[in-house]
Amino acid sequence: MNLDAHVVVRRPGFDINVEIQGQAGDTVALLGPNGAGKTTCLRAVAGLQPIDAGRVLFGGIAVEDPSQHIRVPASLRDVGLVFQDHLLFPHLSARDNVAFGLRSRGTRKQQARATATAWLQRVGIGDLADRKPRNLSGGQAQRVAIARALVTNPSLLLLDEPLAALDAGAKMTLRSELRRHLEAFPGVAVLVTHDALDALMLADTLVVLDEGVVVQRGTPEQVSAHPRSDHVARLVGLNLVRGTANGTVVTTGSGVDVVSATDSSGDVFASFRPSAVALDTHRPTGSQRNAWRTRITELAPYGDVVRLHLEGELDLVADVTPQAITSLALDIGDPVWAVVKATEISVYPA
Amino acid sequence: MNLDAHVVVRRPGFDINVEIQGQAGDTVALLGPNGAGKTTCLRAVAGLQPIDAGRVLFGGIAVEDPSQHIRVPASLRDVGLVFQDHLLFPHLSARDNVAFGLRSRGTRKQQARATATAWLQRVGIGDLADRKPRNLSGGQAQRVAIARALVTNPSLLLLDEPLAALDAGAKMTLRSELRRHLEAFPGVAVLVTHDALDALMLADTLVVLDEGVVVQRGTPEQVSAHPRSDHVARLVGLNLVRGTANGTVVTTGSGVDVVSATDSSGDVFASFRPSAVALDTHRPTGSQRNAWRTRITELAPYGDVVRLHLEGELDLVADVTPQAITSLALDIGDPVWAVVKATEISVYPA
Amino acid sequence: MRLLAPAALGLAFLALPLIGLLVRAPWATLGDRLQDPSVVQSLRLSLVTASTATIASLLVGVPLAWVLARTSFLGRSFLRAFITLPLVLPPVVGGVALFLSLGREGYAGKVIDDWFGITLPFTTAAVVLAQTFVAMPFVVISVEGALRATDSRYDEAAATLGASRWRTFTRVTVPLSLPGIAAGAVLGWARALGEFGATIMFAGNFPGKTQTMPLKVFLALQTDPDAAIVLSLVLLAVSITVLAALRERWLTGAGV
Amino acid sequence: MRLLAPAALGLAFLALPLIGLLVRAPWATLGDRLQDPSVVQSLRLSLVTASTATIASLLVGVPLAWVLARTSFLGRSFLRAFITLPLVLPPVVGGVALFLSLGREGYAGKVIDDWFGITLPFTTAAVVLAQTFVAMPFVVISVEGALRATDSRYDEAAATLGASRWRTFTRVTVPLSLPGIAAGAVLGWARALGEFGATIMFAGNFPGKTQTMPLKVFLALQTDPDAAIVLSLVLLAVSITVLAALRERWLTGAGV
Amino acid sequence: DSSGSDKSTLTVLAASSLTEAFTTLETQYESDHPDIDVVFSFDSSATLAEQVTQGAPADVLATADEDTMKTVTDAGDAAGTPQIFTTNTMVIVTPPDNPAGVTDVSDLANSSVKLSLCDETAPCGSAAKELLTLDHVNATPVSFEPDVKSVLTKVTLGEVDAGIVYASDAHTAGHDVSTVQITNADQVVNSYPIAVLKDAPQPAAAQDWVDLVRSSAGQKVLANDGFGAP
């Protein structure tokens, strides 16, 4: 079943106006900063939020179209929705929460409870099946919510930050579990996440929202290689600047030059990896290099490297070796030159 | 004000028994898998969850001690708590939610609302001050919750996954904001998080829980260099195996050998970075190397590299260059040899 | 303290008159009363009719409350106010109103008589009808309050799981507002048990058939006020026993 | 449909008798009644006393409901059942009970008389007391139901923000259960407005001082049933107007 | 219990002041008519009249005044003309210790005497008013009660100092009240009519009941309860 949704919802101050398409079997990741309208889109597709304009087609058939006064109620849309705040039924045990959708769709009680128990096992909390939600931890509740949405095999899956409350291990396991499920899944899944890894590992298409509109759309590779918004750049861990190109020089709005190795012109983005940033306490002399005056605002070990946030002519994230920090005796608040080779800078039209 | 808490809470199936100490000015990060007991500890310290044994001292004075029947109610403990599910008052605007604590502590209405507005601005949602919580997005609600807990300057801050619902940018900004706040903060902060960066950037001490007990305790550097649980290893992005050392060889429970460059003996952990893992389709011949037979279960681009999950003789995470994937023509499901130099393996007693 | 003081005051105010009754009651005669088969008969009739009326009120009242709480239409607030009218109506006039509608000569009663050959007034069914008429508003209004106080987002969650409105209602909405429904049922039951004016008018005062305890108390009051007090206390004792036993079970059974 | 059908049935059942009254009412005389100053006087007295009784019931009843809903102690379920007793007590016996406690000869009334020189019976205050006695249980029980249905974790959140129990109660608990409190207030008000038996016993029937509308209706019923119906309808009309205007504002004002 | 299937039922609607007298007569009637079970519904006369016009399945109606009976005869629901079977006169009752020292009807004019009267809409009220006018007493009560039992209860509880009630009520109350006779009481007599109803299921048995009540045996029982001769 394909999904073709054009969601228009008027909010005080701004409108949400988003098109989401997905072919049968696709997983679409909906990315964007807080308040961009991701949850609203999911709710509209699920039938919980009436749209003011646009339309929602499931498999080519309109389930909602204000211009024709069509509005199929949520209970008939055959969707599975993981709510951002779970919304587990407080009066039902974990098992009965999961079995609820099956029972609603006519499965016998015994069968429904058995399937529910199996799903709870799949998400790693088989032993908590009899617990009421208020006796579950945050992450345990989220797993129940995931199981509850998946168990009915709906033709459309809507997942609102389904892994946010999980611990690192569970996140990995459930991400794999989800991927396996989504690969075999004949419908369309729409996944909202703030975690790059979720999006990159699970999605076929990324749709990036900001303030209610789509600012970028593409495959994970395209989007992560050429982010077109700060949000995505931060998500995939790249530094992003926007400016006007003139040959190899990109000039930002505040007049700072970024030199790349390739020619371009007009409005462009320039991006580079944090690990491409080197630091120096004195202005470097090599002419082929970018060097910006900054100050360290954050500094913390991160895996093999030390991650720094720099503010100044440009605001950057830099990953350097612990040795570099030690030898330069750097600490938070220190001024520092951020140095990037021109060949590390990737420039593409805005 | 120092914190010295020994929390014992009996739960069906297992007991939570955790000691948390913090000197004035410290930030303690509480880590651990879902259901480990992190939220329970915070609730106990805040006075929302009666402890069955142990005691809680604030600045050396018992606020709870079942053996002496002491139990100071939550409202008199002067704590600030960010709930895992926010718990914003649904009938109050964002501003009034934030002002609530100030008003409770006697601030005048005008003053309280002004301070609240300022705090909402600090967390980036100054324009949403008049909104009711149900009209806020998940991330916006979380920011209100953070502002609400911080605004009263409590002598003890308890933060339960305060950044989980935030987008990448807001996470960065608020992490810095929090760090600045915590640095100037005279009390003790206890932070629960599933995000390594939060813990590493904000905390002075990490306390790692599992099934209700402390499994590791130390500075961020110690813990991230020598993780003693799968959870922490995954969190800080290391591969971890446990086994018995005999000279340079560590033998795991399932009989797989891990060879390091240093001698040790007895029960040990061995850890290595994902980027230290190289892949090969044939068994490598060099004698100094570790080589394990595995299968690829996950594969996704991640920043500069491609991240793979491998399962087999050992379960590993590997980060390799996209070129390596292309040249070996690897895909999910393919068998592959995971190769790690002995010098990359760090061994320390369990 | 600021909460306990008014609570204590309220309790004292309710307790004072009841203590007055207890003090005055001629306890010596209590044994005789309890042996009197006509007292037992009235008590049984009261319990049966009040419980039937409560069940009837719940069956139609809870859906009505749901309509008020969860749908929105023009005139809803008027409808809600309309539902409270039986509370305001002096019960005797309520009895007259029941005659005018469901009596032998009433516009609906005539139809029922013609079609089914049933005349309602002066029967045990009439007692139940009169009690339902006065008790249902309590059920509707307090259940509506409870429904409004519960989070309607759980209804949304149920809808996305494919639950029909009916299933959502029975499996989610009702269980979540069970404390409120229980409160409504208690109010309705107690009101039905104490119902006097509409019953004596519409159902008459026939022992064994329509003479509930309050009617018996009324009758006793004519001749022997002390007996009336004892009978009232018997009614109170039975009521308190039933409610104390029942209520906690419901409430704790809800498990929310 | 499965929800709407019983709701419609319930509504029909409530509407039938009221329609009966409307049909029977001698509308021609309505104008005269409304001009009758004694009717206006009774109506005003009814509204004032019922509203006062409702406020009094809320002031002490809501804290009492809080105690029942949020604290736990031995005998709580007994206490709750006890609070419903004034509903079960035949109102006339309720009036007697008020005499026995707060009357001139009552055990508490004597004390009040000795200390303050106040005798309560046959005063407007007695009307309010009688109405409060019958209305408060509605407030307590339905508010308790609403309190139980609201999430007590918000109380916890308030506590961590340093709010005292009182502040938590007034700023969090009460606003969150406002629909239930409103429902309780409506029930209490309507019950107080319709109160007859306890009032006539404890406060007597004196025009302008204690003669509320239900008393006027009851007296009219003795001689002129049609007049009684018209007066009842006047009472109903006033009640429906007040409730329809008030209730929606409260409910939507809560904004939860 | 007594409503065995082989017995037929005689339904008597009676003013509540007749409760004791009629219940006493029931025994006698049932021993005379072993096949009949007498069932009473006692209530205020106005309620009973309304019930009869609404088709209550009853055989006999006895009210405490002629006006309410008239509404029934006017509606054509009585068989034949109602018969007056007893009367009642008014007396003053006070609490047993007579705290206000009421010894004569003229004492009721004293504003320190708390007085309770029936409302004019009730038969006892109109009678009391007539009597007070006759005796030139200008009394202001604290309350106008809807029925005589309300007056009596307030007196027995000591909440008022005096009340005007029927002699039969004073008799029923016994030692809970002291009685003071009223001047000219015999001038204002309240008559109790009784009638067989038009739709009576048991017209013959009903007539027997009426006859019993009006018989000397019946009158004796009524007199025992403080009622007067018709």
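Letters are used for the chains, namely A, B, C, D and E, taken in the order the chains are written, and counting of residues starts over at 1 for each.
FYI, contacts are C-beta pairs under 8 Å (C-beta built on N, C-alpha and C of every residue); 3 or more make two chains touch, one makes a residue touch a chain.
These figures come from a predicted structure and were not determined experimentally.
The chains in contact with chain A and with chain B alike: there are none.
Common neighbours of chain B and chain C under the contact definition above: A, D.
Ranking every chain by how far its Cα centroid lies from the centroid of chain A, the top place goes to E. Computed from the mean C-alpha positions, the centre of chain B lies at a distance of 55 Å from the centre of chain D.
Each chain gets one centre point, the mean of its Cα atoms, and the points for chain C and chain D are 15 Å apart. Each of the following residues of chain C touches two or more other chains: 92, 96, 99, 165, 176, 178, 218, 221, 225, 256. Not a single residue position of chain A touches two or more of the other chains.
Under the contact definition stated at the top, the residues of chain E that touch 2 or more other chains are 50, 153.
Working note: touching chain pairs come out as A-B, A-C, B-D, C-D, C-E, D-E. By the touch criterion given at the top, residues 46-48, 73-81, 83, 87, 89-91, 100-101, 104-105, 132, 148-149, 152, 154 of chain B touch chain D in their complex.
Interface of chain D with chain E (complex): residues 96, 99-100, 103-105, 121-122, 200-201, 203-207, 210-211, 215, 218-223, 225.
Chain C makes touch with chain A in their complex at residues 153-154, 156-165, 167-168, 171-172, 175-176, 178, 254-256.
Interface of chain E with chain C (complex): residues 1, 3, 11, 13, 16-17, 19-20, 39-43, 47, 50-51, 54-57, 149, 153, 156, 172, 176. Residues of chain C touching chain D in their complex: 2-7, 9-11, 13-21, 23-24, 57, 59-61, 63-64, 66-67, 76-94, 96-102, 106-108, 132-133, 136-138, 140-142, 144-146, 148-150, 165-166, 169, 176-184, 186-187, 190-191, 193-194, 196-197, 214, 217-218, 221, 225, 228-229, 232, 235-236, 239-245, 247-248, 251, 256.
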